[in-house]
């Protein structure tokens, strides 16, 4: 205690020096950043990958699709995860990025389980979220105010929902949450609440509903009978090489696609019977 | 001979002098690093936050008074929709309400600890208050969501999310800060003020109310303002209970939003360099300026207090 | 009502208020512990977290929290000591010093989100540290420095001026006097501040989400060479801390037992914060007694 | 308070070749900010004698004393002009290394201010910092200085106990021991006995009388009896001026200045 603490003063300098001299680490790693919805999937794939290839690490971070796209564009990471097409984001030059569609995710409207409702039409849904319908009574339900819970702006899930349900109408200003977990918690506990979320997040605490008589199932998504779905993208800056290339191939391999992707509630891209462009043009895939 | 040696040593730079210079440079360096960090943060936030106004040509007045926050889109005239008023109102709402609720409790606890029962205060209340500071804001948010929101929903109706829930959570969060600073203010009142008052036959409460609290008013206000600046910057806990609707709050139990909640929510979903991102940094700039304003207020109060003494 | 009655009423009110605060804290603690502790098992504390299946633990997160804490304290303690010493001992009393003090104060009331984003842009991107423990530690340093500096300055100021004069009169430089006389005398206060600051760091999430990252790659606990990529000590690996973990599973978690895991994690977090608090109290008192000689001879 | 003519003064000159001068000041001015506290004081102090500085509160005697080893340097906004001559050098100049100078001109303060360290460390701390590393020498130093300060018998078994556990009088004697461990030429004491009880005061006075054989001592005191008991010379300060300086017995029996006479006879102060 006498004098030793003085040496402590030297430590920050040491730390800085350590970082300055290009701290060389052994082993190899790449970083994938972006969409928090995609994070668990890539994380799980990364875990499997590391188990098979010791000393090679996939560093997976959330942060949102916007972060993922701006980071991959600036080249500070190897993979940018996004729920959206890169071209949908302003400020992103999509031409330099290579899109890898790794999974498909369906989005379903969810309501508080106390509501007896089982089916809504797309038009009714749109009216609810634009604020034209404000009471469940208008839809044949109980006399209860509709509590609309939206996702934050720029969220991929919200984009998918608005693209295929609202079809260009603007949503009303309502409660917004930046995470599915919060949405689920709120819908589960708030009487009269309605929101939407990706299939993997659906659990017993909330209730899904049919849209135009179609149930939200993976099978319905693969045929585009259930229209509210989107691709999950992993972008690379230029064609991937080295570890990145191997990892991308690994993610698209049957092992991950059939085991991890399907298990988590996403839909493997290989299972899709149709493909769909951003503009909504649907084409059959002949497998 | 010895005399000459001493004379020579007096004229030489001694070890202590060199040592002194070393210390001064070393500590000066530390403060310089901190200052650099502070300035860097200011520069960073300001350069990004001001870009909204200079690069994207958003009208500052419209930014502060507009009520529609939708940075990705433009209104009928082609102006981007970046009206921050709902968040500003939300932030100030929860901050002021939390301060209003917390102040009597803080003063009460502080008076108890300094005037009524310093022993119990030091042994029980002081550790309790320090513990409250230590509880992470994530945990506060977690409790807010599972206890406060349902409570508000059951008692006041609505969805439970809103300014009222935010107020309750912030109240507990700023209480320790305000209390401990109020204690300092009360302790600064000279003992003989109290003795004089008691000697004149005043009761203890009269002494507290008419002498001690009067004499420490400026210190107490400083404490409250300081607590408010804390409340203003709190993000996670508030975000979890306020509902995050970018609407001008019409009552205390409808979902609202604060600067911090919008900032944390939107940052990941926008691309750096775009207007939507810059607009968020403008909110951060507002957040940075507000403590500055609060600080100025504190200084004003402190100066006034000093003059009265 | 007579003044005497008023006095009674007011005193009762004050007791009620103080009691209320204690009840609030007791409720908070009990709520967290009661809802969390049943989920805490040894397997939970040491186990590896799961990204989508149930039954994940928090072992790595707990280790990360502690490692990050140590790293950030290693950087911020010396800096805040130096800065505190400068402000307390060397800084001339003029407007510039006031300005500096003011700016540090402002930094302390900065929302931690802003600190996190700043850290993300500067440490993770500009300094190319990526999502790493080191960026996280630096961001936490930014977050913690103002309070620590202030605490150091206050503790030093509390040491009586005559102690310094004693040193100067013996031909010691100001620096020697400060480091060998004033700092040791102020150590109990400084220590308390540091430990409480450590508690704050331990519970901080917002500043870390964008800096230390929100995922924990598997670690190889048999390899402690800090340059190995999966080594627990590698400062350039990303690290999700306990507080961030709570935040994450509450927001984007798809694990089925999210509420149980977050309740358990909160309980562990609170236990550590409690531990820090009691440690601060205990060591502060002990050191104080040791230095002032107010102890029985052993 | 009566107004006295400050131009009327008697300052005994000691530089007549018969006295060995240890320290002297020439026209010393001290000011805090814009306020001047000492208005040009010229005094010379004889070697191995005790000189007492007396005067009412605010007379400037402490300020003057603290200027002698430049303790006022540390107070922001203080300016000291004029000469302080020590071994033929003006120590009040930038050429002089102030830390080195303080090793030769030590000081003991009004409030006992031992470090929050053990008794042993209190004494050896500064010598160690100044380069003395030999354990035997340090042990010897502790014993000699504590003996000189009259504290050895009381603390010799508790040397490694905290100094803060000592009584006030013991603490003050420890501070004296600590100061003489530096083996200074000159010892400045700023009302060292003002906070002590009569018994402790007497012990401290005895200590000083013994120290006189090896050190030149300058002591500020409020206590006229104390000045009379221990000092060889006395200087009377009034409102920032030294008005009279002479042998102590002359000051107390036949003061030449009215102000001094009033003060020593208790008419003011």
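Note that the chains are named A, B, C and D in the order they appear, and that numbering of residues resets to 1 at the start of each chain.
One rule holds for everything that comes next: contacts are C-beta pairs under 8 Å (C-beta built on N, C-alpha and C of every residue); 3 or more make two chains touch, one makes a residue touch a chain.
In UniProt terms the chains read A = Phosphate-binding protein; B = Phosphate transport system permease protein; C = Phosphate transport system permease protein PstA; D = Phosphate ABC transporter ATP-binding protein PstB.
Note that the structure is a prediction, hence the values are computed from the model and not measured.
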{"item": "Centroid comparison with chain C (C-alpha atoms), farthest chain", "value": "D"}
{"item": "Middle chain, criterion being Cα centroid separation", "value": "C"}
{"item": "Of B-C and A-C, pair with higher C-beta contact tally", "value": "B-C"}
{"item": "Euclidean distance of C-alpha centroids - chain A (Phosphate-binding protein) vs chain C, Å", "value": "33"}
{"item": "Intercentroid distance (Cα basis), chain C paired with chain B, Å", "value": "18"}
{"item": "Centroid spacing, where centroids are CA-atom means, of chain B and chain D in whole angstrom", "value": "50"}
{"item": "Centre distance in Å when chain A (Phosphate-binding protein) and chain D are each reduced to the mean of their C-alpha atoms", "value": "79"}
{"item": "Multi-partner residues of chain D (each touching 2 or more other chains)", "value": "99-101, 130"}
{"item": "Overlap residues in chain B, where contacts from two or more other chains coincide", "value": "16-17, 20, 26, 30, 240, 264, 267"}
{"item": "For chain A (Phosphate-binding protein), residues contacting two or more additional chains", "value": "9, 36, 62-63, 74, 178, 182, 185"}
{"item": "Chain contact topology (line, ring, star, complete or other)", "value": "other"}
{"item": "Set of all touching chain pairs, with the criterion as stated earlier", "value": "A-B, A-C, B-C, B-D, C-D"}
{"item": "In the complex, chain B residues that touch chain C", "value": "16-17, 19-20, 22-24, 26-31, 33-35, 37-41, 44-45, 104-105, 108-109, 111-113, 116, 120-121, 124-125, 127-139, 142-143, 147, 172, 175, 179, 202-206, 208-209, 226, 229-230, 232-236, 240, 260, 263-264, 267, 284, 287-288, 291-292, 294-295, 299"}
{"item": "Chain A (Phosphate-binding protein) to chain C touching residues, read off their complex", "value": "1-3, 5-6, 8-12, 15, 18-19, 23-29, 31, 33, 36-37, 39-40, 43-44, 46-47, 50, 55, 57-63, 74, 76-77, 178-182, 185, 200-201, 203, 263-265"}
{"item": "Of chain D, residues touching chain B in the complex", "value": "87-89, 91, 95-101, 104, 130-131"}
{"item": "Chain A (Phosphate-binding protein) contact footprint on chain C (complex, rising order)", "value": "51-52, 74-75, 77-79, 81-82, 124-125, 127-131, 134, 179-180, 183-184, 209-210, 213-215, 217-218, 225, 227-230, 234-238, 248-254, 256, 258"}
{"item": "Residue numbers on chain B that touch chain D, as the complex places them", "value": "3, 6-7, 9-17, 20"}
